[in-house]
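Structures follow.
Two complexes, one shared chain (chain A), two partners (chain B, chain C).
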Partner chain A sequence: MRRAGSLVVVLFLVSMGSFLLTSLLPGDPAVAILGPAATPQSLAVVRHSLALDRPIPTQYATWIGRAATGNLGRSYQLEEQVTTVLARTLVVTVELVILAELLALLIGVPVGVWAAQRANQRFDKIASAVSFGALALPQFALAIALVLVFGVRLHWFPTIGFVHISDGLGANLRSMVLPTLTLAIPLAAFYTRVVRTDMVVTLRQPHIELARAMGYPTRRILVRHALRQSSLTLITVAGLQIGALLGGSLIVESIFALPGMGRLMIQRIGARDYTVVQGGVLVIATTYVLANFGADLLHSVLDPRLRHDPVSR
Partner chain B sequence: MQASSRVFLSVGAMAVLTGVFGLPARAAKSAPASSTAAPSGSSAVKVGGKIVVGVDLDPAELDPAGNMLSFTAVSVSNAIYDPLFVVPFGGKPIPTLAESITEAPDRLSWTLKVRAGVTFQDGTKLDAAAVVVNLQRQKASQLNGNAMTPIKDIAASGPMTVKLTLEKPDVAIPYLLSRGGQIGVMVSPAIVTNKADFKRNPAGAGTGPYLLKEWVPGDHLTVVRNPKYWGTPKPRLDEITFKVIPDETARLAALRAGDIQSMTSALPETAIDAKAAGLAVVVPPFAGYGTVLLNNAVAPFNDVRLRQAAALAVDGDVLAAFLKDPNYAKRGFGLWPTDSPWYVAPEKPFTFDLAAAKALVAAYVKEKGPAKFTYLSGNSSQTATDTAKLLVKFWKAAGFDVDLQSVPDGNQIVLAVVFGGYTAAGFVTGLAADPDPTSFPVLYSTSTFNFEKYKNPEMDAALDEGRSSSDLAVRRAAYAKVQQIFRRDVPFLVGSPATIRVISNPKLCGIEPSGFFPAKTAGYSC
Partner chain C sequence: MVSAGPKRWSGLGASFWLAAGWLSLLVFAAMTASWLPLDPNGFDPRNGLLAPTFRHPFGTTKVGEDIFAIAVHGSRVALIVGLCSALVALLVGAPLGLIAGYFRGRVDTVITTLLDAVVAFPTFVLASALVLFVGQSVLTVVLVVGVVTAPLMARVTRTATRTVVDRDFVLASRMAGARHARVMWQELRPNIVVPVLTYAILISGVAILAEGALSFVGLGAPSDKASWGRLIAGGREELQRAWWWSMCPSALFFLTILSVNLINDRLQARWLLGRPLPKSKAQAPRGVAVSARVSAPAVVSPEVPHARPPSDSGPGGDSTGVGLGAMAHVAAARAMLPVGRRSPDSGPGAMPFPPGPRLRIEALTVTLTTPVGPVRILDGIDLSIEPGRVLALVGESGAGKTMLARTILGMLPDGTEVGGRVLLDGTDLAALDPQGRRRKRGREMAVVLQDPQTALDPVMAVGWQIAEPARVHLGLARALAREHALALMASVGIAEPERRFRQYPHQLSGGLRQRVAIALALSCGPQLLIADEPTSALDVTVQAQILALLDRLRRDRHMAVLLITHDLAMAASFADEIAVMYSGRIVERAAANDLFARPKMRYTQALLASAPSLAAGSHQRLLAIPGQPPNPYFRPSGCAFAPRCGFATAQCIESAPPLVVDPCRAGPSSADTGGGGRLVACWHPAGAIDS
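Up next is the complex of A and B:
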């Protein structure tokens, strides 16, 4: 309950931050809507309709009151409800983030575990070198390289565009291969390093030594005893990485022409379409907070001791 | 007086050219895509095929009385709408939805005859009443109204004739009614009146060769062939999708991979890469200049010496070598390139002169203090970023104290420029076939597009003379004077040529060098 209460406070602060940040951006939204040749009278009408002529606390109260009922306002430029615009683009970004997160975990965790098991041996050294290389590679450069190899040269995957899942799962996944790889490769490298580092310490602990002495199979020791303990760090990091993935989607969606939230935000910020930007920032920030709240809850599931830790209650 | 014997001009159209300055543009765009040599009949035309055209921007809207200024918007306009006239590059107005336009003997009115037998896609008949509704909408338009001020009154003088009454003689009228400024584009009065979301969904509003199928803002816009198209040539493709791919490298990669069939580019190096990859590159005559706008209303550029110094400090040879653009040599240190019939050579060559620039800056500093300014530039490409750095280096060498402010979004520069919140900014100025639309909007003291806030009655008088006279010799003299004053006052700096290249799969044909995607003529078999 206390965590849920904290979550409400955090979400309140997030909403206020989203609103204030976009309110403080330079430029006049009324001018962005009506154009530079607008008359002072028409600008005043638009400012009034957007509540821009009222104090910021009043503007915020109006906005958050509507947002609480699912009404994020209307984009004057797109002439659509903000929720409609966000829902259309959120589908793409959510799929991209989930696929990238899953792929990164599928690659990063086994490689990290095995590298820890083989610490300082050849596999570990190769995994480390590849991980550092992948982490050092700028995302846009990786995207272009993937496009040139798998799109231009081999023609295996499309280089642009998004196929909706309703148009076929195969086509949908095919359209997401290169964007997903762009996000997942550096993330997998990061997870490899996190898991490897944590597991090396875990594998030296007495209960692991005991398991080995008792003759448990290596796989069981690694997965059931060591990884479970090390997964607490991994879950925390994975939760935090949701933010990085959402940030990375800005670049990836632009390069691969995916109609997602990242690209929408870039376009709408440029267009001074504040209602969409405010709604989008709120959705992204809330997603991030909820993902980390979920990670927090998962900690308690994996380590029951945390449920009884007075600090965490 | 028939339009065909007249000069032609486009007024007030800003075309968003993401050029080497990575920036939006002001002023006139020259002729849009049109067919000037339409194949007769359709026996040779094979119909079919779908293509995807990669573009950098979404249209802002699809109302010709609004902001339809970007490459994509004009390309879509070419597909779904028709104008009263089209003006090919270097050509004269060709009646399209108009049959003719005639100037009255007293030169204070024009009579426009509307083409008979044309209907809008929604079934509404094109007649004089429809033309009046459209032109009155343009006159009331916040964006285009300024360009319509020469027309005092618009009225139907018959079922298929419209009389335009002027304040004073204006040779610009036929060009004003072309597609260049969107002003001549006709939409169905029924749709405009009854459809609340017209500017986002103008399905059925045009008379053009294609019909709007769908528009997903920020992603793509698709048009399909209009089987009942009234004009020639008939549309050749079944479907054209304009796909937004903001990143230039990604666009070229998608074209090379076969995911798109055509794309646009403002960067010379992209064209070089595309040619090397075996793609077809169509380069229209250059459509304008990359410019550096200098705010004449604020220090330090309210002092003409520093504007002159900023121009003299730029080493054109170095810039040309860097840009690798053969058109660069044609810039005329005025508004017209050296191969323009309106170009007049300066009495004294206007070239790089660092010593002179230093002397001017030193004199200013001694008298008024530091010659300090911030240069606002786009960084949408590496070329844009490097060009800005090069310019800053030139100016620093002359003694200026310069800060470079790079921004990723051209809209930020537009806002700064439109509202005067800048000292120097990279921009693009359009170049039209006629001198009036090239010069009047950007230099006349009261023009909406005079973003540098340059005011000179002498210049205004020369521009007025060029606009109102029908005598070619008088006009030549007027624009020679415009160039002379421009070189003396340096309202802004003329930089690299800006043009939109259309790069396509070699199988695609009918890509006319129009500066926009020629939806009407493109096909797989021409």
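Up next is the complex of A and C:
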């Protein structure tokens, strides 16, 4: 498995990058902890206690060794384990990402399939124009527009704040509606276009012609034959998007005041709380890499042409 | 790089020019912002939060700044970031992708792995880190966006490179000893420049968006620079009272990104539409490829189909019993269907095989609706096939053979006009609604297509593909359909059906695939099989086996077969009757041996003369038919073959000859031509008293 080998290398590079990125940043965590008035002696003590006075390779080795056992260290400032902080915020972001992916697929796939079936007819043209427009919506502008319409004007949904699942699923989902929509609308447009483009090609293949010539119902042809083949492309694309959403939910989180990963990262960088940042970047980047790898793997499991012929990749 | 010809910019559509217009306006605004009477820093607290008016087209902020003025100045940041980031991505990403795609192997792995690692980093963390490193500036934004987008650019370039790197002209250049750099610049670059440049356009859009997002969270343009993202962030606090504050710049973003995407989309569509042949400075040895295609048509001796298939193809001949078993399944399933869904011949009192022809086509004309007007594709086709007999439809490509098959199946494009009748077992197919026609397809008539490689679903096990028609049309349950498919596989001579059942098309040889396709077609026991060039994509040795199989099946199943082919030898050996098509008409119809021995119509003669034959020996030259088949848009009013015919007279050019019983029956009585006798559409048939 050459891909598994390169996965390990990518993960190594990612971990090193996330460590270096923060260790090399200007700004001293010790100063951030003690304040600008601290004496050189006390700063040195703090640095020593945080192991910041050791050479960077040593620091990295210690850090990655602990990370492998699930210990990402303590936050300098939050008086908590980094993993605890990350877990708390990750729940929110993951919920957001899953809801957005689901909604986007639920809209994008059927619309894309039908647009391909009706290629160049009215439905396709409308779907194409709408999705084209939706793709040009910047996340932040879309979020604000949604807040303006559904929150400020119509008062349908809360515009700010997050209700935890433990405080009731209904309230939790209500607080997630606008953030989810913000992420899902452009994503649905994207999936619509991906599915449509791929399906149009698939539908021209002789085996689809044969299925029509054999009198199978249109729905069966679309779902069992065309979509089944086109979904292989979709899996790869959707895998990429999961990773991208995880790292890119910052805007939505900050507009809707969701206590998620993105917001945490920016706050902690500002506060020079580098252990949290290192851990967070490691988690996000690793998830991104693994999501892509998983999608590739799923693709090769689902596509019989790759399954039986591992050499050709 | 893109050479500007007069045609290159045509046909892009109005949307492209609107988008280009908007972007030009932005460029103009950015360049002239300083000279325009627009002050982005104009404090005036008395004019705070004014709604859009003529004086303030976008309204004002809380402290009375003119939002329009800020937006105009902000277009500078947007454009600079967009252009520079695309440039960074192009200069860093494209060469990396080109190198990775060209060298492949270890170089590719290293580059790809590195880029994968870079892409994995969350953009905002990267941006924050860079801001801390080098401070907040427009340059930082360019740097961040460049780092994030360069890997994407590299990926696109790599993919584009890989699609051309194995083409002949690249290989030729490499074999000629050109240096790598030279091959990449001279051979690859011209062929990847369009996808790469259009992607760069897309990236400039991404960059503009990214600048907005970064400025929105305070990591983008510094606070003394006017920026759209900053405006939107500011307006967020006053959404309740002043929607225009963030909505107006949002609209600017929307229009700009939309324009960039549109331009990318139109250029790409334009490029795909008019994609020229691969460009190369050093001309490729194209002749090699062309001459390799001129291969001899398959030579099949007339005796072959009646021989048994060679033993390596599995139990080909001895499966009649199993085949009948499968038929019994189908018959049982048909009997279980509710009356409404039964086909006419299975109704109470109906004979299993009603007398009369299976397929009868009467005066069929088909006219397609095209953008340039109606085009008659089929013109007055008459033919019929008795049960258990084979009619071969022979002609050059474009003669209308496949169109005829599609007409029989009822699979014509919308807006097609059909005249005449197509009767399947006495039922007029044209009188059925689309659903009714669909139910006939696959159940009462089935098709075998040319290339089994593409005609089978690549991601479905072949066994389930064979089982599918029975499941759809006869409603067989999964287990029963599986049994049915296994029996069918055995009956078409597939050895080890249990094992083959689970395999996928790519795991089978061409011959086996075609056997699968035939089994699939036979799933519901059709009375009519349309075989569209069923052996053209197969090896010569396998061709004979497949023909033998089809021959046995039609006898066993008493099935009428319409064989579409351009291979006269195959038609002669396998068919009972041959109909020669030319330009949408049948020009000659006769018993196979009769037609082969004594062609009447001049086109048939020419066709025969152009086919190699074993009997003729190698010293005889093959004759090519001069000229080309007529374009159906400009079909001559007389005999369509007249322009290419050596015997044509004024009569041929003036009026089209009707298809009539051969005026001078020189040959023996053609009792076995399916009742139609020998028919010829020619004013000067061979064998007539030729002056």
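We adopt the following convention: the second predicted complex is superposed on the first by the 300 of 313 C-alpha atoms of A that agree within 3 Å, B and C clash if a C-alpha of one lies under 4 Å from a C-alpha of the other, contacts with A are read in each partner's own complex, and residues count from 1 in each chain.
The rule is simple: a residue touches a chain if its C-beta (ideal position, glycine included) is under 8 Å from a C-beta of that chain, and two chains touch if they have at least 3 such contacts.
What you see is a predicted model; the values in this text were computed from it and never measured.
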So, after the overlay on chain A, do chain B and chain C clash or fit? They clash
Max touched-residue count on chain A (chain B vs chain C) belongs to chain C
Once the shared chain is lined up, is A:Ile269 touching chain B (first), chain C (second), both, or neither of them? both
Exercise. Answer with first, second, both or neither: which of chain B and chain C does A:Ser254 touch in the superposed model?
Key: both
- Message: Under the stated touch criterion, which partner chain does A:Leu148 make contact with: chain B (first), chain C (second), both, or neither?
- Response: both
Among 93-101, 291-299, 381-389 or 471-479, chain B clashes with chain C only at 381-389
Overlap of chain B and chain C contacts on chain A, residues 26-27, 144, 147-148, 152, 254-255, 266, 269-270
Touching chain C in the complex, chain A uses residues 2, 6, 9-10, 13-14, 17-18, 21-22, 25-27, 132-133, 135-141, 144-145, 147-148, 152, 205-207, 209-217, 220, 224-225, 228-229, 232, 243, 246-248, 250-251, 254-255, 262, 265-266, 269-270, 277, 280-281, 284-286, 288-289, 292, 302-305, 308-309
In the complex, chain A touches chain B at residues 26-27, 31-32, 34-39, 77-80, 85, 88-89, 143-144, 147-148, 151-152, 155, 158-162, 254-257, 259, 263-264, 266-267, 269-272
Given the complex, residues on chain B that touch chain A span 54, 58, 60, 66-67, 142-143, 145-146, 197, 199-200, 216-219, 243-247, 249-250, 253-254, 256-260, 409-412, 415, 418-419, 448
The residues of chain C that touch chain A in their complex are 109, 112-114, 116-126, 128-129, 132-133, 209, 212-213, 216-217, 229, 232-233, 235-236, 239-240, 243, 246-247, 249-250, 253-255, 257-258, 261-262, 265, 409, 411, 438-443, 446-447, 449-451, 454-461, 468-469, 472-473, 504, 506-507, 517, 520-521
